[in-house]
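For clarity, chains are labelled A, B, C, D and E in written order, and residue numbers in each chain start from 1.
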Amino acid sequence: MLGSGIIKGLAVTAKNLAGSFHDPARYVTQEFPEVQPQLPENSRNFPFLVADDGADPMGTLRCVACQICEKECPPQCIYIEKSKDKKPDAAGKLQLYPAVFAIDTSVCMSCQICVEVCPFDAIKMDQVFAIATTDRFNGLLLNREQLAKSNQYYHSIHPTEATEVDARLAAERKAAEEKARAAAAAKAAAPKPAAPPPPQPPA
Amino acid sequence: MPPAPIFATLDPDRAFLERAPLLVRDFVTGLFPPSLQWLAGNLLAVVVIVLFFASLFALLTLAERKILGRIQNRPGPNRTGPAGLLQPLADAVKTLVKEDIVPRAADQVLHFLAPVVLVSLALMAFAVLPYGRHLVPVELDAAVLYFFAAGAATELAVFMAGWASRNKYSLLAAMRALAQLISYELPLLLSVVPVVMLAGTLSTTGIVAAQAGWTYGVIPHWHVLTPWGAAGFLLFFVSALAESNRSPFDLPEAESELIAGHLTEYSGFKYALFFMAEYFGMTALCGMGVTLFLGGWQAPCAFLEFIPSYAWFFAKLLLLLGVFMWIRGTLPRLRIDQLTRFAWKFLVPLALINLGTAAFWQLSAGWSGPALQLARWLVALALVAGPFTLLGRRLSAGVAPRTYRYAA
Amino acid sequence: METAEQIRDRLLARFPGAEITVVTNPGLSAQHSLLLGSPHARAIAQFLRDDPTLRLDQCSNVTGVDWPEKEIIDTVKVTVPDPAGGPPKVIEQKNKRLTPAYLEVVYHLYSIALRHGPVVIRTRTGNRSDQVDVPSLTPVWRSCEFQEREVFDLFGVSFSGHPDLRRILMWDGFKDYPMRKDYVDPDDYEWEPTPHDEVLARAKVHYPATPAAPEPKA
Amino acid sequence: MILLLALLILVPAAAAMLRRNLVHSALLLVLSWAGLAAFYLWSGAEFVAFAQVLVYVGAVSMVVLFAVLLTRQNPDRAAPPDAAARLRAGAAVLTAAAVGAVIGHAILATPLPAAAGAPPVLTVRQLGLELMGRHAGSLLVIGALLTVALLGAVVLAAAEPGEKPGGKP
Amino acid sequence: MLASGSAAAPFSSASVRPVHDEFHGDLLEVSMGPHHPSTHGVFRMMVTLDGETIVRLKPVFGYLHRNHEKLGENTTYLGSMPYTDRLDYLCSMTNNWAYALAVEKLAGLVPPERAEYIRIILAELTRLINHSGLIGFLMQDTGCSGTPLMYAFREREKVLDLFEALSGSRMMCNYQRFGGCRVDLTPAWVDSARRLVDAFPRFLDEFEALLTGNEIFMARTQGVGRLSPELAVNAGLTGPVLRATGVGHDLRKVDAYGLYPRFDFRVPIGAHGDTYDRYMIRVLEMRESVQILQQALRDLPAGPIMDPKAKLRGLRPKAGEAYGRIEGAKGEIGFFLISDGSPNPYRYRIRPPSFINLTVLEDLCLGHTVADAVIILGSIDIVLGEVDR
């Protein structure tokens, strides 16, 4: 019959019209400002630098300015200048730290390759997406201070991943300490032989 | 007459709500000296119509966006005012504030005149619709003819809009719009003829009176409940859709092809006027549809008489407008050649055959007794359904859902 | 599906005058290709498409490759008779030579009918400056029409016999060929916040007035 | 009141003749038809007025406009008014004046009866019976005539020989 | 226009288009785009109209050209993986897989079984959202004011949430690596995927009820833009557009890459090659994808997701070249890589399906009206990120 297809179509839209009042599956709009989106744990936006202790972020930055992320970043939007002096890191070893660590968020496409290639878990992906500034050039160029965030914050946005990273770092630190203690013991046992082998930085 | 309705005391004519509008009118005209009372009465009717239907237009735009939204599982405008109620106000302010760009090459006079003519004609069509038992703005003997005369003149305004903006797209679109309006004028009028024939008069109040009364107190004598009436109503409804450039036939403003058709060169308040004219046209056609087929202000059942007559008219009117919007949210658009072929090869023949069915219905009115009544219905139904399926099959000859095979 | 060598031998039998050589692909995918001389290229392509055993009816991919001249220093051991009549000494002689520079067009052919492929054929231009003409295979496979226009647009290889050779991606007024190795992008430079190394150098050239690099806020 | 209506009919018609732009004159012509409909309304013949609006302003105006659009010659070919044209214009005015005089004389000469009572009130039903009764024949003839005229116009427009090939409607 | 000597093959572009070049008096030159509401992005069509019918149609594009291939040559192999998301930005997972497949062919890496399963699951999910999105846009062109599009996007949102939970971003996933995948599937993810896949046929039935039998839709699309199988094969068309003409060419069956031979699914083919067939083929393909997804999610093996040999950084494949291709949602998407042993590819070429499918746009639109040209373009399914690269 000529109109049957059209009538079936009208029935579908009628079902949706009625459904939108009682069936949540047929009323999918989340009104953004009032209803904040619950982002899944893996969701990523712009990167941030992890600092072990929130109180003194610049002091406890995990980043050792090895510039691997600067080389690997596809759009080349990370800019690092090494520090002249060294400071002890969490495991007590003397490490460099970044004097300048700037990410230009107008170029960064949050592809998280820097997180993937960073051997020191110093940079992780944030979940803040509503960042707008009035100044196109310097406003979006986030420097070291703006990028650094505490480990607790990292735990709050990526819980499972954060616990894994902490467990691994703790294990490495313990291994480094045993090696240092063993080396110290070896040095104590044979004070006369050549200078004690310098402890290798954890690979 | 079946046993007197239980609400005998509430004689429909004397019910308070029924007479309320008349009391208001008499009070207002009473304020004027007797010589001016005739003028005051009519002016009051004009003012009421313009105010009521302008605000109805405002609410219709909101209702349309809400219904379309709900069909698409989203809320529709709900930011301006509670549940979006101030949205029409916002739209009105926006159109008033927007700059009214008139292309330099355009023909200034016609460019300005087109929307004005369109809106005034659309408003004139409201004069003859019977909104209630005593609420007929103008009591005309040839009311239906007047209504369609006003409708026919709108083509002129569409042409003026298309021609005046001096741009090849809008001229092309104006031509298409005219082709559509003219080819759907015919089925529109032809579907009305059986009603006039059986009601025996051209005046709208007469037609509504012809649909009075109920059998067994429950089934009303509306035209739509007779076989020829149902076919006529469907034809009228489809042609009304096309006449007011609505969903499956909204070719002139087909945004996927010629941007906004003959309205491309209009902006600001003139564009809003075109928009308003389209809604007035749609409401007027729905009003006429209700009057001709759905028994105007007649209540569907005897015992529902206590609800005032104008409430029934507007309930049916809103129902029809809702169906218009429902269709707009569902159906794709027809191409220009399919559109005209559909009108000339399907609607016009059906309308002519419907004339025959109505004539048969009129002649066989005398058949009494259940067996003859049943026969009368069956023959009429056959006269309607037969041509419909035959023509339908011929129209959709090459078009059918297909079955598919799978690769080896 | 025959190997590249078998196809070459059949083609040589079929087209005695044509020069067809097999270019071996050192990579793991072992997709070897046939280098066709320009004069016979279209006839061979027609044959490859219509031959009942091959029926390569789909030219899936057309790629332009730019091979600029490379300086190769190959050390070769040469025995030099000792002028003082002593025993001839063997010395390494480093002679630089420039590999021939050319633009190359690679076609990957597949057969939808017989579900096999790819057969890779290559055509090369004379050099990278004036002789850049290569026979177009659009009359044989219409899928090459847009892709050959793209190779013309980005590499500058002009295809003889192409029905509608125009630039396809760049605008018509564009002069240079962007995908060539020696392409220098125009200097319509827009200042970038984190300029470093050559980007920083160019920023200095353009914006001497503004601070060369952004002083990080202390 | 009658003077106003007369003006409403004659002025647009005259203006239509003077306008250079064809479409303008067509639209002014439609305006004068509307004036005619107003005159019918004034004289109480509602049915004829609405029929006039429906048929003329609705349909015939469309035919006129379509004809104007499709056969639009380029406007700049209108020849400037040289001597011959002025002569023709003078002759035209003379004949118009003569015809006007004859009609005027005829109107004034016939004795118009004073207003003899109220005009006959005619309901649409009687009109219908009248039309379908005695005058059914003439109605059908007029219908046929109109369709033939329309088809003729279309054929003429389509088969228009001329320098522009393919002047399809 | 054609070089006189050679016999014009039956399908050479000149012979197919009856282009009469002398300019008629009343031809109307209309430029549709690049800011046209129905051209799916910055794409322009120079259309020559004779009355309502199209006499000539020249597609013009390049507005979104970013020279993706030059970028590929200046970054490492890993560096251009996130850029492949931006090629066909509706199907980032299949783009990643095609690039990973080509590099694995070049470098000789073999992804473990679980990684192959994950790749198939993600590719089929991408096919679902691409086809449903496309049908939504096609309906938008025929005139339904957004209703089918909203239904399609309602389903697409659910799949995008799955992608975000897995890879971190809805559309720019950057998820595949050479030799496997970056993040493993959590059991919760697999459950929500299974729930979504089981609910998908219900959506398809509702969609078909709304559209497939609709007389107006059938009248608008049946017989519009017919394409002959010979021309389709010769013009290098791939994907649903080719299968709609009756050629049963699906790389998942022909090349049998990944673990596709392990799943039983059918490849629907059309008979008329017109717009309606292209629409129906996509609907049937979605039903087949649901079958594959159900089988894949049912017997997803445990195990590693990365080839142990694969090094993340510093991938330097041996000198050589490789061409890898997969059956993307729009057709055969292929990557041709020439490596010279350095960390950057020497030549990085993408074979974009929608770019080549556009070759026949003019042949399809000749003789139709402007309204049909809009629908034909919609049925070919182009995404400008991939066409312009």
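Everything that follows uses one rule, which is that contacts are C-beta pairs under 8 Å (C-beta built on N, C-alpha and C of every residue); 3 or more make two chains touch, one makes a residue touch a chain.
If you're wondering where the values come from, they're calculated on a predicted model, not measured in any experiment.
Chain centres defined as mean CA positions place E nearest to the mean of all protein CA atoms.
Taking each chain's centre as the mean of its CA atoms, D is the chain most distant from subunit A.
Between B-D and A-E, more C-beta contact pairs are found at A-E. Once the centre of each chain is set as its mean CA position, subunit D and subunit E turn out to be 62 Å apart. Averaging Cα coordinates per chain places subunit A and subunit E 33 Å apart.
Subunit B and subunit C have Cα centroids separated by 68 Å.
Averaged C-alpha coordinates give centres for subunit C and subunit E that are 27 Å from one another.
In subunit B, the residues that touch at least two other chains are 71-74, 329-331, 396, 401. Subunit E has residues 147, 151, 154, 210, 212-218 in contact with two or more other chains. For subunit A, the set of residues touching two or more other chains reads 2-3, 5-6, 9, 12-13, 16, 28.
Considering their complex, residues 67, 70-75, 78, 326-327, 329-331, 388-389, 392-393, 395-396, 401 of subunit B touch subunit A.
Interface residues of subunit D facing subunit B in the complex, by the touch rule stated above, are 21, 23-24, 27, 30, 46-47, 50-51, 53-54, 57-59, 61-62, 65-66, 69, 123-125. Subunit A makes touch with subunit B in their complex at residues 1-3, 5-6, 9-10, 12-14, 16-17, 19-21, 26-29, 31.
Residues 2-6, 8-9, 11-13, 15-16, 28, 39-44, 68, 72-74, 109-113, 116-117, 125 of subunit A touch subunit E in their complex. Contacts from subunit B toward subunit D in the complex involve residues 107, 110, 140-142, 145-146, 148-150, 152-153, 155-156, 159-160, 163, 178, 182, 185, 200-203.
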